[in-house]
Amino acid sequence: MADTWLTSLKTATPQDGFELAIKLSRMGVKYTQPSAEARDRLRPQYAEDANALIASSQVVAINFQTIAAANNYWRGA
Amino acid sequence: MADTWLTSLKTATPQDGFELAIKLSRMGVKYTQPSAEARDRLRPQYAEDANALIASSQVVAINFQTIAAANNYWRGA
Amino acid sequence: MADTWLTSLKTATPQDGFELAIKLSRMGVKYTQPSAEARDRLRPQYAEDANALIASSQVVAINFQTIAAANNYWRGA
Amino acid sequence: MADTWLTSLKTATPQDGFELAIKLSRMGVKYTQPSAEARDRLRPQYAEDANALIASSQVVAINFQTIAAANNYWRGA
Amino acid sequence: MADTWLTSLKTATPQDGFELAIKLSRMGVKYTQPSAEARDRLRPQYAEDANALIASSQVVAINFQTIAAANNYWRGA
Amino acid sequence: MADTWLTSLKTATPQDGFELAIKLSRMGVKYTQPSAEARDRLRPQYAEDANALIASSQVVAINFQTIAAANNYWRGA
């Protein structure tokens, strides 16, 4: 993957950090399945499945741990 | 998602922190499935399924780790 | 949920901390499925299923990480 | 559960710590399913199932993280 | 596995760190299933399955936690 | 288990640490299913199953977090 998509874990606010966690979670999928077409085809499979949505939220939670630590929990904010 | 919904990880009490963890867990789902109607349709699928409830509790536990650390475990409380 | 059920992560002993981890794990379920009747109905589904029991133990383990850290691993005890 | 079974997270060696992690993992199951008879009945269900064994090893890994941190990774040993 | 494939957790950028996390995740699979042919045969099984892709992204997220900590979150970058 | 198999979490290199993480992951299985014969019988069940391989890689990732922390991320190396 030649594109630059992640240059820093710093974000201005916790919400920006949460949204970066979502991006990391999607990139984790994208590196395994690089075809946008294939990922779109799978979308109904997980967007309408409670277990897949909970699992997605778990990946976001793990990535958010990393980003929150990187931002020292936005304590100074 | 244009709305501001997360401006700080600080909470007054551990219980408030736990409830914020629940909010983060739900937002993780919402970013993946933004339709409130679709999420409501899935509710019976997970609310009556022990495995889905345990998985939900796990996501909350992971988010609570982050929030507890951010609050220095409410040690001064 | 109006009741106060969590005012501190401090416990006297590691075992008390483990039992608090169990409480947090159950509360994670309760916030998603507030009906005690529904939860009781699901009990046989997970109490007799090895995978569900292992998954439950995992949620407890994650919550115990948080509580152990909050208590500085009871090192002074 | 009236019995005292966990008074310290300290262990003499990493291996003792790993074995304590196994104990915590089993106790996490036991609090949810207190009947020894029921747990024995489930044993063949997970002891002959690769996914259940991998999941068990994961719970042990999470508990071992906690115990290793509590022992400062046995660095002085 | 005689080859040397991991000499440092240090990376120049967060993105390099994320890509190292992907490598670690694949090596975790490779140690369990060393046959490249077998792994290729399984590729369609997970590349077209939303749950497997989410699970893969979760492993990457866990390895990224380790690498991000090792790099002190690239705070000086 | 009377044998001594884990006396230190220290390793010379990150790769040695990753291989120790694999060992811990296997020992987590072995404590639950001590029969080598039974484990061998299960091998085809997980070595040819993408989900089981991903789950195995996840356990390794969690154990690698512990070992990497124990080695201070091999920063001095």
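In order of appearance the chains are A, B, C, D, E and F, and numbering begins at 1 in each one.
As a convention for this text, a contact is a pair of C-beta atoms (placed from the backbone, for glycine too) under 8 Å apart; a residue touches a chain by one contact, two chains touch by 3 or more.
Nothing here was measured: the structure is a model prediction, and the numbers come from that model.
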item	value
Shortest path length from chain A to chain C (each step joins two touching chains)	2
Set of chains whose contacts include both chain D and chain C	none
Shortest chain-hopping distance from chain B out to chain E	2
Numbering shared by both copies at the chain E-chain A contact, with half separating same from different	different
Remotest chain, chain C as reference, centres from CA atoms	E
Turn needed to bring chain D onto chain F - CA fit, degrees, nearest 5	60
Chain B and chain C, separation of their C-alpha mean positions in angstrom	15
Centre distance in Å when chain C and chain F are each reduced to the mean of their C-alpha atoms	27
Mean-CA-position distance for chain F and chain B (Å)	31
Shared interface positions of chain D, touching two or more other chains	46, 49, 51, 55-56, 58, 62, 65, 69
Chain-level touch network, classified as line, ring, star, complete or other	ring
Round-the-ring chain order [start: chain A; next: chain E]	A, E, F, D, C, B
For the chain D and chain C complex, residues of the former touching the latter	1, 4-10, 24-29, 31-33, 38-39, 41-43, 45-46, 49, 51-52, 55-56, 58-59, 62-63, 65-66, 69-70
Chain F contact footprint on chain D (complex, rising order)	13-15, 18-19, 22, 46-51, 53-58, 60-62, 64-65, 68-69, 73-75, 77
